[in-house]
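In the two complexes below, chain A is the common chain; its partner is chain B in one and chain C in the other.
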Partner chain A sequence: MEEATRKTIVIDPVTRIEGHAKITLHLNEDGRVEDARFHVTQFRGFEKFCEGRPFSEMPALMARICGICPVSHLIASAKACDALLAVRIPPTADKLRRIFGLAQVVQSHALSFFYLSSPDLLLGMDADPAKTSLFGVLAEKQELARDGIRLRQFGQQIIERLGGKRIHPAWVVPGGVSEPLSQLNRDAILAGIPEVLKIAERTLEWFKSVVERFREEVATFGNFPTLFLGIVKKDGGLTFYDGGIRIVNAAGDVVANGLDPADYQQYIGEKVESWTYLKSPYYMPTGYPEGIYRVGPLARMNVADRCGTPRADQELAEFHELQRTAVLSSFHYHHARLIEILYCVERMEQLLNDPEILSKHVRAFARPNSPEGVGCCEAPRGTLFHHYKIDEQGLIRWANLIIATGHNNMAMNRGILQVAKHFVRGERLTPGMLNRVEALIRAYDPCLSCSTHAWGEMPLVVELHSPSGEILDEVRRPC
Partner chain B sequence: MARVLVLGYGNPLLCDDGLGWQVAVQLFRANASPDVEVLPCHQLTPELAEPVSRAEVVLFVDCRRDGNPGEFYCEELCPESAPVAFTHHLSPTALLDLSSELYGACPKAYLVSICGESFETGEALSPAVERRLPELKARLHHLITDALAGSMAAH
Partner chain C sequence: MSFLDMDEALIALAEKVDLVYSPLVDTKTFPDDVDITLVEGAVSSEEDLHKILTIRARTKTLVSLGDCAVTSNVPGMRNPFGAKAVCDRAYRENTTLDAGTPDQDIPKLLDRVRPVHEAVHVDVFIPGCPPSADTIAYVLTELLEGRQPDLSSKTRFGA
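This part shows the complex of A and B:
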């Protein structure tokens, strides 16, 4: 059955649209989990079918990879195109792109935390699956549901105000942005900030009040030593737009700093495994698989010395107190995500109050001046690389993307094994077991469409295998 | 504040699935009335509960997968609190329920739809859907006119 499905995915384009992720849990003779794998069996296509397209089309084309975080792809792609043009974009365009990216982080994190994970946090990991949705949250704690919806709406409205539409806006272009910000839109965004700042603060307080209930999950949800990777400013501050790559180890020590994202191929390797379309990036100096690292909110909180905004800095200092070393449990992705929402709102307010922000000079024009360009930014789920090579006509000849979910591939696999070893017993998957395995994945907030650059829906399948390979149990969840 | 909200939803890259999106985009471009808000969207997401709560009448436009290709439907909707396993996207009735629960307002709502024939990758509507498109647009126009006139009757 498994083999047949894989063949169908490769051959049949309908299956490519459907796609799916699958977890296999392998039991030993004692009925305990011995191995676990997270298979992403979607076809990886965007890097190939963009070949031959004019480079100027890339931002809009790449944004189609994802309906949740198109803005991150727009920004990374546009930055790669800026490198092809070899231009320095106008300062106002730089700031507007930053606001755009921060709004994206707010809406994406709100979706992850409130829509997907808050039911577990509010109702418990063993709650009736029929109730573990936003509607379950609504019934139990209406303010939490309302806050989540408002935060996501706020982020989306900013994207719409800047980009003209909520999904797949094409406002970020090579050389800058296509339109300046109007005073009307600036004032409208600023007017909403006090409300969402309060939401971010009270959600953080709520999370900190409930996290004690999840000691067992904190201890077993991807709680192991790895490296952490993210971009930071020159002063070590948090940034989502540009900076140097910093890598810290599990002890919290900086092992690499100020690495140029354009040189990523010198320190990031991509291992291909036969059982998944998702590559496994690793830190080359440490080798594979020892070079396992994590990216995203948890990694950013571990690599950053400070946020650079007052409230988020307080929260980050508190976060760093969770552990003397780097904060290792992937359960804390939730906590980190909430701090980032707070930071994004504060930082947007700073940028919107910048006297230059309404400047009309928002785009630099040039012809291609370099045959190769790399764009890098921090997407909601982690560090995002777009790398293009063009010919003399400006047509794409080669492209490579490294997506946040890909960076976390090894860590997700190891995390699934850890959580499954702890919670899965016997030959049947109970809802509580299944939910914990899924909750571990939710903590990383993976985007499988992004990571394989595929289209479509991704139902999740969890299989329990006997030592002989027999499927003992299978559970399917729509995604 | 707009009195009528039109929500056309679907994926414009999956042939007939994009019906609602396409209709909403066309209406958005043609619409000059401040009383009518048109939102093309890929899915019905929880955030839409807020604009839904502000409207007097909400008109959903969609392509359905059940039934015979080309069949046209216009039905009044009521809020429905069915269990929802995942809330990236909602049904129209669940969205109405969310609006009612969160904001205490549930407008009159209709779903106008055509049964699709093709949901493959592509931007073109199937002939079966294309044939009934004028009828759908005409009904939508009538519903908007009636809503603005305050004479919303059963359709």
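This part shows the complex of A and C:
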């Protein structure tokens, strides 16, 4: 009979995220949340089914992991292939790949902020679920929705100009890129920059003007100490393309610096949980679960000494005023994401004005010279690793991938527990309580098709369980 | 994502249709009497199969969108290996702690990944990886006008 008092809440699917997941909240006898789990419900198996394919197919094949950040997979995969070829790619190819990656960060961050999270920020966490979409934002504050559409379009159009199409371009190849940049395209991209800089700036101002309304969420949305991990340049500056791994602790102190991404297996472990297809990476020197760390925009703002562009550096300085230590609340992922959009636009302008950028030397040719290669970059959601082994014929024999969203798995689980404990009351459930649990997940902007190398759109689901595991309630939004 | 590449045309589309179920809106249950459903991705888990049967039963015109839905494409590459082998690679070999394939509270993978039309009847096929936003917009316009779209010159496999 004690069993009957134990309850579970299921949120299924979690919505306004990229991919499929559900959340289960386990309640005690008093209707308080005592445990929470984030279940990723799909898996594809890229690490196995790439076996036997020529390594040169990997960038195009691995890009199919994701429709949102295919460019990051192209880049990490091509860098792993550069290592198999044992070549240094031409400087212009290096810069063009950087521009390509930055354009994708702009479109991906715009998708996360405007299309997925701005309904919560504009309409409130308790808003009518029938209105909490981009179309609801369009009805309430049209200029905000239009800014989001324009910013995403700007990023996608750059990808199209460089790579020939917006999604799954095949332009990044082992050894460099397949075509140089034309002057026409360079000038067309540069012409759009002043407009999008203004959009990035006014969005930041708007966010800062509304964040006060979310004081309770800031305090409880994944607001706890963890490590933070990301790539930085040799001088400690922000980069999305190449550098050493830096890890800082919650106090903001550097605990590891200049780690070679190719040695990732020496410091990153991957743990399996029986209830999710998403593995839980942890920092091995600290062990499990103390080795919990976060990646992505918040982590990058915590690990980098500077952005290296004027406006973004002003914003970074202001960001660090939020907290003297590392900035700990995952609610601030939104803020960090907007600073990064600003940085990406400024940085693209610098690179496009580089006199070398129109050079025709954009690809190094070689046969495979090394049996093993690791490629690493910062994807919009965090650090991305591709690791391949090949045979004498250049056919793939083994692969391992650690995807940005995966690194945040432990932090997302701990985060939903924190927010659910604070807001969810089993005896009088409201959609707004559960929306906050989902909004915490949205702050991390997980890409679940990426992280489990799964495919397609993943709706998220939330269940309410009793301590015995019985399903108490399933909150289903009105259609 | 290619659907979103319609950019500002989304605003005009929003005036003609109600988006009733999507990862972009907060509806948790697939509604009854849906006019048009665009389905992307292959059928790879028991949950996918259950979902597509529900969607078919509640949809007038079902559109199979993209190469994964139309042919099972990249997800189908696991078929020669089988579900167990791909899980073993990820959860037994490439693991440092608690190796073993997850099997609690998550959908079981099907032995074979299948295209959507092997599970249910499909009314319109749009190949492409992905089909362009223009192609998707064209199909929606034709269907809203009550015409069958002619895709012969608009897209192709791998486009």
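Observations on the structure shown:
As a convention for this text, the second predicted complex is superposed on the first by the 450 of 479 C-alpha atoms of A that agree within 3 Å, B and C clash if a C-alpha of one lies under 4 Å from a C-alpha of the other, contacts with A are read in each partner's own complex, and residues count from 1 in each chain.
Quick note on the criterion: a residue touches a chain if its C-beta (ideal position, glycine included) is under 8 Å from a C-beta of that chain, and two chains touch if they have at least 3 such contacts.
Since this is a predicted model, take the numbers as computed values, not measurements.
When the shared chain is aligned, chain C comes close enough to touch A:49, but chain B does not. In the superposed model, A:430 makes contact with neither chain B nor chain C. In the superposition on chain A, A:152 makes contact with both chain B and chain C. In the superposition on chain A, A:129 contacts both chain B and chain C. Touch criterion met: A:39 reaches chain C, while chain B stays clear of it. Using the contact criterion defined above for the overlaid structures, shared-chain residue A:111 touches chain B and also reaches chain C.
Put chain B and chain C next to each other and count what each touches on chain A; the higher total goes to C. Once chain A of one complex is fitted onto chain A of the other, the partner contacts of A:276 are limited to chain C, with no touch recorded for chain B.
After overlaying the two complexes on the shared chain, residue contacts for A:284 are found with chain C alone; chain B is out of touch. With the contact threshold set out at the top, residues 13, 17, 67, 111, 115, 129-130, 132-135, 138, 145-146, 149-150, 152-153, 156, 166-167, 455, 477-479 of chain A are in contact with chain B in one structure and with chain C in the other. Here chain C touches chain A in the complex through residues 1-2, 4-5, 7-8, 10-11, 14, 19-29, 31, 40-42, 44-45, 47-48, 68, 73-75, 77-78, 80-81, 83, 85-91, 94-107, 109, 129-130, 132-133, going by the rule given at the top. If you check the complex, the residues on chain A that touch chain C are 11-13, 15-20, 24, 37, 39-45, 47-51, 61, 64, 67-68, 111, 115-116, 129-130, 132-135, 138, 145-146, 149-150, 152-153, 156, 165-168, 269-277, 279, 282, 284, 288, 400, 435, 453, 455-459, 461, 475-479. Chain B contributes residues 13-14, 41-42, 45-47, 49-50, 81, 83-88, 94, 97-98, 101-102, 120-121 to its touches with chain A in the complex.
Every residue of chain A that touches chain B in the complex is listed here, in rising order: 13-14, 17, 67, 111, 115, 129-135, 138, 142, 145-146, 148-150, 152-153, 156, 166-167, 455, 477-479.
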